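Working notes for the structure below.
Read from first to last, the chains carry the letters A, B and C; within each, the first residue is number 1.
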Amino acid sequence: MSGAGGREAILGSIRRSLGRGPLDEAARATLDARIADPRPNLVPARSDLPQAERVALFTEMAEKVFATVDRVAGPEAVPGAVADYLAQHNLPPALAMAPDAALDAYPWADKPLLAIRRGRAEEADRVAVTGAVMGFAETGTLMMASGPEHPSTLNFLPETHIVVLPAERIGGAYEEGWARLREQGAGEAGDADDGGFMPRTVNLVTGPSRTADIEQTIALGAHGPRRLHIVIVEEEAP
Amino acid sequence: MPATPRRVGLFVTCLVDLFRPTVGFAAVKLLERAGCAVTVPAAQTCCGQPAYNAGDRADTRAIAEGVIAAFEPFDATVAPSGSCAGMIRRHYPALFAGDPVWEERAKRLAEKTFELVSFLVDECGVASVDARHEGRVAYHDSCSSLREMGVRAQPRQLLATVEGLELAELSARDVCCGFGGTFCVKYPDISGRMVADKAKDIAATGAGTVLAGDMGCLLNIAGRLSREGSAVRARHVAEVLAGMGGRPAIGEPAKGR
Amino acid sequence: MDATSRTFVANARAGLRDAALQTSLARFQGGFQVKRAEAAERLPEFEALRDEARAIKDHVLAHLDHYLERFEERVRASGGTVHWCETPEQARERILALCREADAKTVTKSKSMIAEEMALNPFLEEHGIEPVETDLGEYVVQLADERPSHIIAPAVHKTRDQVADLFHEKHTPLGRTRRLERVEELVEEAREVLRPRYLAADVGITGANFLIAETGSSAVVTNEGNADLTQILPRMHIVIATLEKVVPTLEDATTIMRVLARSATGQEFSTYTTVSTGPRRPGDADGPEAYHVVLLDNGRSRMLGSEFREVLRCIKCGACMNHCPVYGAVGGHAYGWVYPGPVGAVLTPNLIGLEEARHLPNASSFCGRCEEVCPVRIPLPGLMRKLREQEFAQGLAPAAVRRGIGAWAWLARRPALYRCLTGIGIGMMGALGRRRGRFVRLPLAGGWTGARDMPAPEGATFHALWRKERKA
């Protein structure tokens, strides 16, 4: 049977194999300290760049993995950029949008033809718009965290995913994202140092969904979005 | 070159001893030209790999003890084979790990054991050879030379100095030829497929000769080439470097008899 | 899962004769090898990251009990449950119980090799629950009623044509009667067929690439996003993982992620890396209501204390099979159980018994390419040799081999006698082979001469000639 019996049997078997009993207090404390103060290991130098070059590297890496990237001069240009993208791709002017205060700050009313529904994604939704916690120049990767302001279904169900990302949120390496989540979690739950800071789902997304399972031929849109479009906003929202 | 000649014990290898003595003489010639004093200890047979790879540790150790005793008096042990040299250098110490006497002896021998061509280049500073070989030649890297003994640039460096020789690279140059010791007879279908692929790759280079530093690979490759009726000749790289490439190639009928 | 590793030789022969398989294998290996090499080339720190990844794994293995306990604490704190299962049977019973708790009719699954260890799909089917594989390759394999032939590319043995036939046959009852040809069309059809299955699923089962002790999270890596739809849509998310998947921190997982995709497919990073912690939170509009981690031991805790501990560093990238010439010749099914290729040759005998799987560690030329590309530097050939040593010591090796090696070794320890006998033998062989230079057939050497000639020896041994020359 599994359950408590299984647990003790497995831990016992591990300890027999390691030739010792349970670790003593001091040893446990050392290991716990490693967890409590998580340090980055070797971080590749690639993304250790001035901000402007980071944004350029992020763009280059994201485009290599079939994402498309648009850069707009300021928050006021975001709705127009989204509307233009939809028109270019013959997509309906209907958006499932994350109920995210940061997204609400963009002047969507400037594009009255856009039908916007805020909430999680439903089966019929074709285009999702969300923000992201960060972007990482290292590989053109986006980090998205689930929560009331960002239902995860938006990242996967609709065939087009548009991510609006202020340029200042583009960092270098993934480790910066973990540090930011710890910071945010500490503010909310106050237990960042014991691991309680994690949102239910953290998605690191690098390009649109793809598969190479048939003859190693890359096809996009295997199950998740066919298109990942990133709108980088140069200035922070007012 | 050192003032007193380096005393080299030549580990002939069983396949050279039995199938291709020419390689042994080529090795002696190259080593002597490089200023080494070469001795061929009579008490050698095999490095023990067939037993080792069959999982027979006890027999391997017994054989290895004989090799260690026979070769420890020399400044260096040199083999015209990455595989046998790799056995002594990489595996003997592990074989005797924990043995109060033999571990140390195995380690000492391991440290001074070398594959022939890399020994000439890296240890003796040989930068060129006085040899001639007309035509295009493909070089096959044996897996043990490549991965256990770090032999890749050295043979190419010396071959580049052979007059008339044009070196062609295989497209899959770090892929096994399918010999693998007893592997080739235990799993003949798989090994046969691997060597057929290798022969295809060799043919695609347009080379008239294929060279390698290990007799195991060479017997395998030469056998396959001849089975296919290929005109490509197979030789040990030492033969060409020593200017002894005029003799019948591996698997070629003896001339004029 | 039932094993056919015993008949490896026959399996391999069938693989070698399967023309479609051979076409697939040739295409896939070349591509993956080049891509990995290029990815490694692009990252100057790649080799150093491999060392770090290895060190993290070794550290975890030396403190596995502690990190698993910490992991469980954090899972519990985030509202999830960890189930400790010693055997595949216990694990699948536990999964069945959870499915029943969720009143499940259908279960979506993302790729998991340990689900294969448990033979989970047939088990769920027997109990009236329909499992739906969502990774495209796994879906193909499920439709074909086959097994994965590669740990990251399960349908690598199939050509596009075969997939086209399969989809045509299996999707016709769904009203999709046109036989599709192009890869994009096939992928599109799979997307359309699977989408309603995702939406209807009651339970989603994913594997895990990492369990993170710091946060009680599981992390899974895919390119398709199938593990995401699998876990965020149904009411219950069940993660299945083996013990050694745990790492201390997110940073440690990150280091290993950096070598994982590069080693596997040559990608800089996989498309989706998803870190999941517990069930949905108050205020969340989506996500599973329940989160369970089924931890499977199945021999790993025992291996930890054996000379095969190092194989537990494996991060299941598949690089060893992508580079193995034996795998490339025979394909993954020949290995006969869950894990093919070099890592399978070490894991399988350890998990299902050496007697059952003795061929696997023997069917290697020890070329060493697997060890060369393994991101966590597992000495695979060395571990295969240790298995051969066990086989020899336990008397499992064929008697002819044992006797042959024994006789030869006995002779090799007696140089004078060896010299005399080999001199005679080689003299005879040289004389017989002199005219043609080669033998097309040789008694007792059918293994050799099946595929190649045996070059004739020059006629005298080196030692005999040397004695003559140096005495002269």
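Just so we're on the same page, contacts are C-beta pairs under 8 Å (C-beta built on N, C-alpha and C of every residue); 3 or more make two chains touch, one makes a residue touch a chain.
These figures come from a predicted structure and were not determined experimentally.
Engineer: What's the chain with its C-alpha centre farthest out from chain B?
Structural biologist: It is A.
Engineer: What chain pair has the highest count of contacting C-beta pairs?
Structural biologist: Highest contact count belongs to chains A-C.
Engineer: List the centre-to-centre spacing of chain A and chain B in whole Å, with centres computed as mean CA coordinates.
Structural biologist: Taking the average C-alpha coordinate of chain A and of chain B, the gap between them is 54 Å.
Engineer: Let me have the rounded angstrom distance from the C-alpha centre of chain B over to the C-alpha centre of chain C, please.
Structural biologist: 33
Engineer: Nearest whole angstrom, what separates the Cα centre of chain A from the Cα centre of chain C?
Structural biologist: 29
Engineer: Using the touch definition from the top, list the residues of chain A that touch chain C in their complex.
Structural biologist: It comes out as residues 1-3, 6-7, 9-11, 13-19, 22-23, 27-28, 31-32, 34-35, 38-42, 44-46, 61, 64-65, 119-121, 123, 138-139, 141, 146-148, 151-153, 155-157, 174-175, 178, 194-217, 219, 221-225.
Engineer: Would you pull the chain B residues touching chain C in the complex into a rising list?
Structural biologist: Residue positions touching the partner: 12, 16-25, 40, 42-46, 48, 50-57, 59-60, 62-63, 66, 143-144, 147-148, 174-176, 178-197, 219-220, 222-224, 226-227, 234, 248, 250-254, 257.
Engineer: Name, in rising order, each residue of chain C that touches chain A in their complex.
Structural biologist: That would be residues 24, 27-28, 31-32, 43-45, 48-49, 52, 56, 62-70, 72, 74, 77-78, 83-86, 90-91, 93-94, 134-137, 140, 153-156, 158-160, 163, 183-184, 186-188, 190-191, 194-195, 198-199, 213-217, 223-226, 228-229, 231-233, 243, 248-252, 254-255, 257-258, 265, 267-281, 283-287, 295, 297, 301-306, 309 of chain C.
Engineer: Give the list of chain C residues in touch with chain B in this complex.
Structural biologist: By the definition above, chain C touches chain B via 9, 12-13, 16, 325-326, 329-330, 362-369, 371-372, 385, 387-393, 397, 401-402, 405-406, 408-413, 415, 418-419, 422, 426, 434-438, 440, 445-448, 450-463, 465-466.
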